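Mind looking over this structure? Questions follow.
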Amino acid sequence: MGRTRTRRLAMVVLGLALIASSAFAGSSAARSTAGGTLVIGRTADVNTLDPQKATAFQAVQTLGLIYGTLVQLDSKLSIVPGLATSWKFTDNSQTLTFNLRPKVKFQNGAPFTSADVAASLNRILNPATAAVARSNIADIQTISTPGPLTVVLHLADPDVPILAALADVNTSILSAADIQSGSFTTRPNGTGPFAFSSWTPNQSLKLVRNATYWGGKVPLAGVQFRVIPDETSVVSALKANQIQMGLISDPLVARQVSGGGLKVLRQSSLSYHVLQLNDRHAPLDKQYVRLAIQCAVDRKQVLDSAALGEGQVTGPITSPAYRSNPSQRPCPKPNLTKAKKFLAAAGYPNGGITLNTIVETGEYATAVAEAQSVQAQLAKIGITLNLQTLDSGTYVQRWLGADFDAAIALNGGRVDPDTMYTRYFTSTGNLNKVAGYASPKLDTLFAQGRATSDPAKRQAIYTQISKTLEGQGVWLWMFTSYDYYAISSKVKNFVPMANESLLYLRQTTLG
Amino acid sequence: MSAIATPATVAAAPRRRGWFGRLLQSPSGRIGLVLTALVALAALAAVAHLLPHDPVEQHPLDRLLGPSSRYWLGTDQFGRDIFSRCIEGAKSSLQVALVAVGLAGAVGTVAGIAAGFFGGVLDGIVMRIADVLFAFPAILLALAIVSALGSGWFNTAIAIAIVYVPIFARVARGPVLALRDADFIRAGRVLGFSSPRLLFRHILPNVAAPVIVQVTLSLSWAILTESSLSFLGLGTQPPEASLGLMVSDARALAADYWWTLAAPAVAITLAVVGLNLLGDGLRDALDPTRARD
Amino acid sequence: MTEPLIEASAQQLVDVDAVAPTGRLPAFLRHWLVARFIWSIATLVGVSILVFVILRVVPGNQIDAAFGTEAGTLTPAQHAALAHYYGIDRSLWSQYFSWIGSVLTGNLGIALNTHLSVASMTRSALPVTIELALLATILGTLAGVALGLLSASRPNGVRDTVGQSIGLLALSVPSFVLGTAIVTIVAAKFNYFPNGGEYRAPWQSLSENVQQMVFPALVLGIAVAAPVMRTTRSAMIEVGSRDFVRTARGKGLSAARVLFRHVLGNAAIPIVTMVGIQFGYLLGGAVIVEQIFALPGIGRQVLQAIEDREYAVVQSTVLVIAAAFVLVNFLTDLTYRWIDPRVREQ
């Protein structure tokens, strides 16, 4: 059961932003039970209550309901106002000014001001905090607060994607007083639609409606998360009406949900299944060898055999606004003749290539089946995948050390393609060693993307990046899978998001 | 292992028939022997690749088929043949169990004999270590060790072996302790026989019977442990077939496709029943005082 | 996998005690108590060292566990800060002694990610496991003793064969298979799943508590019943053939009186030993059943903590389980000495 449980979609999650306004939250909200409490079953518990350090997606999901961010994402993952009502890049995208929402209050009643924003961002920037979002906002040199409702970020370099980074739960705004006292680690206090009520580890975590949420009245009286360690049991609990929503990742389990007034919402995920190639290891340093791999593998077949067809074939960029078009890749359909020609051009007319391929077991269900499918297909052109199935700890160590020729991986996606791939494919990216590929052309393109704030122009730049990555055959991008939200028919107005955020619980009703 | 043949050295036990004859005489011994032989044969077939289908090969068009003449026990969600996977799984379980019990038996028996024979500080140390291992919750101990070593069949075997070492130490120590002060050993000492000679000629044969019984019973427990760890995702890793993993996978399927759960469940149970019966039979056959009931 | 050790250790306990001199005098009992206490402490110290060492050998640390592949995005300064926070930058000696030191002062430590104290986690998880283990032990003992008496009433007869076969089956079907089958059939087919993730204590809601506990207790109870049955059967047969029983029968005492007064009284010693050991093992060994039935017990607390590399939680929880095990063993031995007629009659 450990196999699907801890799907660590660490940084997949962006977004969620909620904010509070005026009056008292916790106590008054706790008394009102009109609207009902939605009980949600999931396979693992939160592992921290610190939003800036949360990596496991259960924690990010939960804390995203409690805390707010400066900007937030809507269901299409577009950036919309959050705790800031408006913002502006000036000075060649090196200065970013936010106007904050007035009359917002934290759930303990304290007013929200620019001092809270400065304290929160400074906490992330302090290396001693070891906050996960630090590298995403590291361009911030100084933070000034000319007024209680104005925050100015002075950036070292042009950095447009920082805006998306500020929509991440990991850049949640805490109250400056809480940061001082450290109380938030056991008693979360944010500006989001739901306030923390109680937590019994490994059993349940309870939230109550934030009666003073700035985004209007929250219909649900509360949300309760229950831990049911096995997805099949989550479905059973749903059928027994113990819970009204179940979070599921295994398509086989999702298929069991039927009848009895139950339905399943399917949401394409941002994270992507990929065969990473270490392009600094011979013979993968030859572009033609990499292209041969691209042309030999039928991604649809991998998806069908490993994940029962539950997913979509994808290119590098998975965020809806910038999504890569898989039909523009070198071999949109598998072509063995072409693959063999590429191999011959690379000097391997008969194949004879062996790639040490690491595969992780335990974190997600499909890894081994994907590896086997790719292995079978590459065997046809004389490329042997030597599969090494590793437990999570060992896999992570090998992966971080770039100690592999190829790696079957499920990597987290990001809303902004810059945040998603700069760390991999720029020569100074902190995961470039793992990515195994960099080029001056990509460096230039990524720098342009960071300095461009016009959406259409940005889109053009990332389309080009996407084409370059696939034209070079850098990695073998395969598919994205779905997340499933099994709900009882009583649950209305819930909208799932690609980043697994549950933010739309703020408008959900239980009828 | 010639010691097996001479359990009669224990005392002047009646030996109209050898231990094997006595084993065959008891129903539990007979059934256990047959079942165990069947499991062993199946495992050999898996080793020799004599299975109806490749246990890891996927047949995408034949997903979740019920038992038929083509797939004797049906197929799973990837269209893999469940019969072949059960046999393959039994093989990996047996492999883990044999290595684990072999290691635990060797280390534990030597430690137990040494502790019992030499006594004193050595005895104290060995038995305290055994106490510690006993007080550590067994499944959690195995779990922690597997996490420490990494999953995979050999590491699983080591983890199980560590858990079982103290059992063998205690099993071996008991009879040594009883014999150490027995007259014929004392006499041997007086006559100036060396310790090794006393150990090998007189003590080892008497330890052999309980150890052999323990080995058989431990094998069945090791299979249970291996499948439990695999069930938790910590034992044998996919794509290798493993009975525990098959049960775990079947959870999402069994409500609609019963054979996905029934097949591995019955396979584990049969293997364990066989070894338990064989263990019981051996215990009666090797221990003349118990054979009477 | 609880079953195996249990039987072995029970056999061995009996063997060991057969070798050891049996107690006669209060003075001996005093000595025994003192020796037993020292032995318990030594064992727990051993357990603490063992769990500490195993955790340090586990590849990956709390940083890797918390960040996964994202650990690659941490700067060296962040890495150092985290290592300091988790206390893994200190020497092993210092880590061990500061942990043991705080345990001795009653502080079991805190989970560094969740900031929860291990004591509070344990307070909520331990009662669940204790209730489960108690119910399973009671069910298993009743069934096991009954079945054992049935078998022993006519050794090698039909009843014996039936009893032994049931016992064998109970011994051979793994708990996780039985648990999975029950969850699948009862929950998936009949949409009945009382374990929705939140434990209800008996005093909160007796009916909900019973519903949550009945299946897991049944599964574990069957595992307990098998060795109890086997022990009961062989003890009854063995005691029944002893001289004093024959004498009692010869004196014309009724069969029931002989059975309950003389035979069961003496056979109770190994049975009690076995039951005690079973109970002790269930405290740590129920983890799989807790997992299958979504019961937030102590085993799952350890399992989760191993996954999260929450060292303090694993170490202290295991120590608590081991202490409970040692205590149960001690009480078992005490009971055993109390009901042993040879001790009592002195």
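Descriptive notes on the structure:
Every chain is named by a letter (A, B and C) in the order it is written, and numbering of its residues begins at 1.
In this text, a residue touches a chain if its C-beta (ideal position, glycine included) is under 8 Å from a C-beta of that chain, and two chains touch if they have at least 3 such contacts.
Because the structure is predicted, anything quoted here is derived from the model rather than measured.
Chain centroids computed from C-alpha atoms place C closest to the centre of all protein C-alpha atoms shown. Centroid distances built from C-alpha atoms place B farthest away from chain A.
Rounded to a whole number, the gap between the C-alpha centres of chain A and chain B is 46 angstrom.
Centre-to-centre, using mean CA coordinates, chain B is 22 Å away from chain C. Distance from the chain A centre to the chain C centre is 41 Å, each centre being the mean of its Cα atoms. Multi-chain contact residues, meaning those touching two or more other chains, occur in chain C at positions 58-59, 183-184, 188, 291. Of all residues in chain B, those touching 2 or more other chains are 147, 150, 231-232, 248, 251, 255, listed in ascending order. Within chain A, contacts with two or more other chains are made by residues 1-2, 230, 232, 256, 393-394. Within the complex formed with chain A, the residues of chain B that make contact are 56, 58, 60, 77-78, 147, 150-151, 231-234, 237-239, 248, 251-253, 255-256. Interface of chain C with chain A (complex): residues 58-60, 64-75, 77-79, 81-82, 85, 113-116, 121, 124-125, 183-184, 187-188, 191-199, 291-292, 294, 296, 300-301, 304, 307-308. Touching chain C in their complex are the following residues of chain B: 28, 128-129, 131-140, 142-145, 147-150, 163-164, 167, 170-171, 174, 177-178, 214, 217-218, 220-222, 224-225, 227-228, 231-232, 244, 247-248, 250-251, 254-255, 261, 264-265, 268-269, 272-273, 276-277, 293. Those residues of chain A lying in contact with chain B across their complex are 1-3, 230-232, 250, 252-253, 256, 304-305, 308, 361-362, 368-369, 372-373, 389-391, 393-394. Note for the complex: chain A touches chain C at residues 1-2, 6, 8, 10-11, 39, 41, 44-49, 53, 55-56, 127-130, 132, 134-135, 185-186, 200-204, 226-230, 232-233, 235-237, 239-240, 242-243, 256, 260, 392-394, 396-397, 399-400, 409, 411-412, 423, 430-431, 434.
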